[in-house]
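Next come two complexes, and both contain chain A; in the first it sits with chain B, in the second with chain C.
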Partner chain A sequence: MKNKKAVLGGETVMWIYRFLLIGIMLIGFIAVISNFYSVKYDTRPAESALLARRIINCISINSIVEIKAFNSDKVSECAGLGKEETNEIYIDALLNYSSSSRVAIGDFTLKALCGSKGEYVPSCLNQKYYLLLKQNGNLERAKLDLLIAIKKLEKNV
Partner chain B sequence: MKNKRGQELLLMHIFYIIFIVFILVSLIYFTSNAAKGEGIKKRVGAKQIALLLDAAQPETIIILSSDIPIKKEDNQIIAGKENPFSYSFFSPFKINLVAEEKRIEISEKK
Partner chain C sequence: MFKGNKKAQIGETMTLGLATLIIIFLIIVFFLISTFIGGGASKNIESESKAISVKEEATTSLLAYLQTPVNITINEKEQNISIADLIRLATANRSYEKVLQEKSKEILDPVYKGKYALHALPLEIVSVIGRPSFVSMLIPSKKPINVIFGLIEK
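Here is the complex of A and B:
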């Protein structure tokens, strides 16, 4: 003779097991789908490369830069940054020749975060350009160290 | 005499089948929504246009083939009407967006 109570208890356990199994599958499925479709498109590296190219092409002609053209107004004009952008971007250009000259635009705190590891850090681009500097009609070798840091965390990370 | 236990079992199975069908339908809806999601289209569209404008030179005309409504405010590209996504671009040039014709004209100076 069967134990009726035991059969009933066993079936209840089976139903809990079935629902639990479906629940686990459901959570797994949703997790995979949301993970796949919520991939962030980080365009900051492309943006900084474009910005660097724009600045270099604007301040120099045929790789010759005039010392008069190397100032924050000119670099800012070349970059074409909007008002909001200056809080999200930092541009640091150091021109080394027989002397040196520096131009810095934007939020300088971003520079300190360059090189930090983690997801919520600015995207930084460090480039070196070998140029000729025109000063008083004379040409001399110069090296431009250009650092561009872009924050824009909300929309990229 | 009615088989009460059999009825209970049948009801439980019917409930279980309905439950599974409901979950399957929800999953299909969720997946298709995520796959063709407007959110992704807006995000990608705004960023693509912003990058194009970052790289564009004067005397360039960009014709957009996207069906997402696009607006330009200052140096922001705004994609979509409901929950729009905006992304900023940088350009020293004058940028004119003709929204009806989905055309962007870039000319020399601001």
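Here is the complex of A and C:
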């Protein structure tokens, strides 16, 4: 009788231990998976790099820009921005040659936030290109300062 | 008999304890690995994007640089040639090296303010500080000339 009680007590302790072990394993499993998938991936730098490439390849052919092609309609068409995106993106292109020409599309307030630190700031990309400008059949040296600021916090972070 | 059973019980308990410790250790290791992989991937996106955008910037600028028309004096005659042709000329006649160097600085300095590296045989302008990202283009010639241009990754 005494022995039977001891066996029953031992078995109970073992079952408690087994459940505890399963619990630890489950918690560990959930912790590892949630830790891996909760990492925030900010894809905005990649988006701005691709957007810059798209704009440059669209407004220039072999690094030669035609002054007619440098306007907000063309840049907007090149960037392929929809109405929704113009509130989340700012593109500022300043072309300096013997004169200068500027194209700005989107929410200009994003520009002011570039360079500041924090969770809700846009991702900004500043590019400088040396280009040639074709005007009346002549080639002129030009410098393009391109700024792309992307907010899109909900979609891309 | 009793003594033997007690030993067996101690052995079993030790095995279970050790197994528990190994399981907890493995969970901690997997947790750390997942943190490391996740964080690394996030950093990779940023650095790869930067490298791509700098290379794109350098490629576009190098292409424009090679096509830039410049006025130089050849045999006491004013001529309008492209930088690519001037590089070919400087390779054949080293007396044009200085002209090439001056013209290159005149073109690239206003844009990159000296923060670039340019290597076009026999010309070498290296005024870069930091880790540059290089791109190159071949100029067709008797012996193709490799022009290398580098910009600093921001």
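One rule holds for everything that comes next: the second predicted complex is superposed on the first by the 119 of 157 C-alpha atoms of A that agree within 3 Å, B and C clash if a C-alpha of one lies under 4 Å from a C-alpha of the other, contacts with A are read in each partner's own complex, and residues count from 1 in each chain.
Simple rule for what comes next: contacts are C-beta pairs under 8 Å (C-beta built on N, C-alpha and C of every residue); 3 or more make two chains touch, one makes a residue touch a chain.
Values in this document were obtained by computation on a predicted structure and should not be read as measured data.
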{"item": "First (chain B), second (chain C), both or neither touched by A:75", "value": "neither"}
{"item": "Which superposed partner A:59 touches (first chain B, second chain C, both, neither)", "value": "neither"}
{"item": "Which superposed partner A:85 touches (first chain B, second chain C, both, neither)", "value": "first"}
{"item": "Chain B versus chain C as contact partner of A:132, first or second or both or neither", "value": "second"}
{"item": "First, second, both or neither for A:24, with chain B first and chain C second", "value": "second"}
{"item": "Touched partner set for A:43, first chain B, second chain C, both or neither", "value": "both"}
{"item": "On chain A, positions contacted by chain B and by chain C", "value": "29, 33, 36, 41, 43, 46"}
{"item": "List of chain A residues in touch with chain B within their complex", "value": "15, 18-19, 22, 26, 29-30, 33-34, 36-37, 41, 43, 46-47, 50-51, 54, 58, 77-85, 88-89, 152, 155"}
{"item": "Complex contact set, residues of chain C against chain A", "value": "16, 20, 23-24, 27, 30-31, 34-35, 37-39, 41-42, 45-46, 48-50, 52-53, 56-57, 60-61, 63-65, 67-69, 107-108, 110-112, 154"}
{"item": "Residues of chain A touching chain C in the complex", "value": "17, 21, 24-25, 28-29, 31-33, 35-36, 39-43, 45-46, 48-49, 52-53, 56, 60, 62-64, 125-132, 139, 141, 143"}
{"item": "Chain B to chain A touching residues, read off their complex", "value": "12, 16, 19-20, 23, 27, 30-31, 34-35, 37, 40, 43-44, 47, 50-51, 54-55, 74-76, 85, 87-88, 90-93, 110"}
